[in-house]
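The structure that follows is given in the form of structure tokens.
Think of it as A, B, C, D, E and F in the order they're written, each chain with its own count starting at 1.
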Amino acid sequence: MTTRRAVCPGSFDPVTNGHLDIIGRAARLYDEVVVAVLINKTKSSLFTVDERVDLLVECTAAYPNVTVDSFHGLIVDFCRDHGIQVIAKGLRAVSDFDYELKMAQMNNGLADVETLFMPTSPLYSFLSSSLVKEVATFGGDVSGLVPDPVLQRLREKLGG
Amino acid sequence: MTTRRAVCPGSFDPVTNGHLDIIGRAARLYDEVVVAVLINKTKSSLFTVDERVDLLVECTAAYPNVTVDSFHGLIVDFCRDHGIQVIAKGLRAVSDFDYELKMAQMNNGLADVETLFMPTSPLYSFLSSSLVKEVATFGGDVSGLVPDPVLQRLREKLGG
Amino acid sequence: MTTRRAVCPGSFDPVTNGHLDIIGRAARLYDEVVVAVLINKTKSSLFTVDERVDLLVECTAAYPNVTVDSFHGLIVDFCRDHGIQVIAKGLRAVSDFDYELKMAQMNNGLADVETLFMPTSPLYSFLSSSLVKEVATFGGDVSGLVPDPVLQRLREKLGG
Amino acid sequence: MTTRRAVCPGSFDPVTNGHLDIIGRAARLYDEVVVAVLINKTKSSLFTVDERVDLLVECTAAYPNVTVDSFHGLIVDFCRDHGIQVIAKGLRAVSDFDYELKMAQMNNGLADVETLFMPTSPLYSFLSSSLVKEVATFGGDVSGLVPDPVLQRLREKLGG
Amino acid sequence: MTTRRAVCPGSFDPVTNGHLDIIGRAARLYDEVVVAVLINKTKSSLFTVDERVDLLVECTAAYPNVTVDSFHGLIVDFCRDHGIQVIAKGLRAVSDFDYELKMAQMNNGLADVETLFMPTSPLYSFLSSSLVKEVATFGGDVSGLVPDPVLQRLREKLGG
Amino acid sequence: MTTRRAVCPGSFDPVTNGHLDIIGRAARLYDEVVVAVLINKTKSSLFTVDERVDLLVECTAAYPNVTVDSFHGLIVDFCRDHGIQVIAKGLRAVSDFDYELKMAQMNNGLADVETLFMPTSPLYSFLSSSLVKEVATFGGDVSGLVPDPVLQRLREKLGG
């Protein structure tokens, strides 16, 4: 049996409880899981790539087979470089599905990499990093939506 | 019986006949309806917030239980401050649905506020403020899509 | 202020915790709520109409402004006969949306009745009476998905 | 490393090239794959369960780690009995997604089983057993849509 | 220039104003339009195939380039037999789209026939033969939804 | 018989094999087809309008009844000016459908122009100009997704 490696790619700006749900479940399904922060210079972000990586490291410390990395460029190149066979993604809603299906079919054409979708837990089906930032910006309570370290950093960033 | 208050939030840049259809129906379902213009400083708009409020006041004059206001920040905070129990929204199509469902579940988690969706009249199912502006910008005829006061202001703004 | 009456129509074969979530929230939004079991002689059911009504009565006992009834024919006729202005429905997913939107637009054309949609709680977004029956038929555990009186009756019916 | 076992459940009445695409890709992702034919006595079928199993055995002969079985009742019980952690399914289109997401969330609540979705190859996105049967019934050419053994058996059954 | 022939296939049980909208627009886009009633012996219907054809002939009398026919089997065979290059269909909503897209891709693979979709007029986006029958069965008013000859025949059939 | 003219509007930044599939099929359905590049000054593009027109001219040379043009403003005005009755568009997925349906209904209201949708070939259902640009930017292989002249120009632009 070969080692099964999966990547959970994303912006994670910041990581939410929905992301952690997917990462935790991936950690049980694959031998090794790499959480990979996409470096996208054309999109503004609240947290720097380093801050996002640090928060992910802190929040996934309980999973011995999870590591955190960052990448820029094509996820299929990252997979090839790291011997990864599977892209693991959560699916929340139909709006996700359409876009993600296109990306998965494109990536499958570009390289020998499969995208496997896990349905998001119903509890987190409405949750996204943008919603969290929007709510936190105006002083709304996002505890329960993000892990504690993120909660604290959001308060520091936004002065909430 | 307590007073039933609802809010119709939106950008209203500018108000269309589709919006007025929803507002008019809300006016019959609730004791008091507040139309609330979202102040969003990060998004450029054709009409200023004041102009949008003025147009709404003019176009809803026929409904004695409708008032117009503006807000910035979270709609749930606006609801709490004004003793509003219900966010009333129109639903046109599936693309609306996905986003609005997420917002509604988020808002319901943040505060004790319900979002109630009214199906848009089939006549206005394709109508949006952006489409109106796009068509009007290039001299297209938008009478029948927006109320008369908006028609006139669009012509002034765009020199149509 | 007039009395605000709403109806929650459905098959309720049997009532689930998802239905009760919608009914409970409707009970807070309207002065009076009628839960109305649709009598559909062309569709086979697990519970008789009387059994479904009895279970609903038992499970909604905590809401003083909720009553249970049954009807056959058009929901808009039921509304007219009972002075009801609003049909209150839950929306779970896009597949619901398309069908329900058509029905709502049809009903709005037939009579002066509005359909208002409440987003289902994320916890119950996957839940339906058919799924409950399918799972219970094969001895699966549906506690947490249906109220206790239904759990007991399902066991009696299905010998689980 | 534990053995990774997945099940591909379905009616397979009959197996199509779309199913074989999913099964073949699952065979590379998991150590062992069980293709499981659902025995559904309330639904009429063209092929008997035994015929469907035989066709699947013949068409998956190239994959040493794929076995074929049948089951009735809940897929989560089948998983528990066979030490299976993953339900592997193909996703073709939005209409699949809504139903499959509900089933996956239900199954995840019933047992410790994950459903992982693979996007169907674009080539087979329109393909289903019912479409194949409908076309073959009226003498349409379904070569290229089903494997050769199925093509032959369809002709025998339908006298095409 | 060759003659452009299109077919509008369907059950038409009975024809609605939505169907007539599509047929009328097709009559302007193509040189000849055949409205083709699908003979489906496994599905029960309110009107016989002959009655449906007669109603269609009566309701399309105003269009000199429209003829009415019936067929059973595959629509692509009907197209080949009648020198038809185009299947003309209306699209109402997302639920239509998914199924129709599959059928169109299947038919394009089976024969050299294109399926062209026309968006239904917003006025009829909620309309279907089944809804009309359901409403008429219980004495609801369907004038405005179906043409006059259908209105009369529905009353005779259903004693409304 | 009048001449049937259709327009294929789009950004074509750059033209993909998916676009060419739609254009080629339109060339068989209509007497004359105009491919019209939308000039959108508010949106940044990789290729200039002239470059896009040139590439389209080169890639559609095999179709004698296809011409290439550019336009700015409303597509319905372009249609009126050129005696065009039909806007021909490809439909890939549900996310396309919702937006395109709105545009089509708007355009049909603005002018006597029909929008006819062709289902995209399954082979190209995931393909879009943005995906091509994203992949090519990072050195991914897009041969098979775009015609050869585009492949070459992409390499020149992006130094790939």
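We adopt the following convention: a residue touches a chain if its C-beta (ideal position, glycine included) is under 8 Å from a C-beta of that chain, and two chains touch if they have at least 3 such contacts.
For clarity, every value in this text was computed on a predicted model and none was experimentally measured.
Asker: Would you kindly count the fewest steps from chain B to chain D, each step being a jump to a chain that touches the current one?
Answerer: 2
Asker: Within the chain touch network, how many edges lie on the shortest path between chain C and chain F?
Answerer: Minimal hop count between chain C and chain F: 2.
Asker: Give the chains in contact with both chain A and chain D, ordered by label.
Answerer: Chains touching both chain A and chain D: C, F.
Asker: Between chain B and chain F, tell me the centre distance in angstrom, where each centre is the average of that chain's C-alpha atoms.
Answerer: 34
Asker: Going by the touch rule set out above, which residues of chain C reach two or more other chains?
Answerer: Expected reply: 93-95, 98, 101, 104-105, 122, 125-126.
Asker: Touching pairs of chains, which are they?
Answerer: A-B, A-C, A-D, A-F, B-C, B-E, B-F, C-D, C-E, D-E, D-F, E-F
Asker: Mind pulling up the chain E residues that touch chain B in the complex?
Answerer: For this pair, the touching residues of chain E are 93-94, 122-126.
Asker: Can you check the complex and tell me which residues of chain A touch chain D?
Answerer: Interface residues on chain A, with respect to chain D: 1, 3-4, 25, 28-29, 31, 85-86, 91, 94, 97-98, 101, 104-105, 108, 114-119, 121-122.
Asker: With touch defined as at the start, can you tell me which chain E residues reach chain C in the complex?
Answerer: Contacts found on chain E: 93-95, 125-128, 131, 135, 138-141, 144-145.
Asker: Residues of chain C touching chain E in their complex?
Answerer: 72-74, 76-77, 94-95, 98-99, 101-106, 109-110
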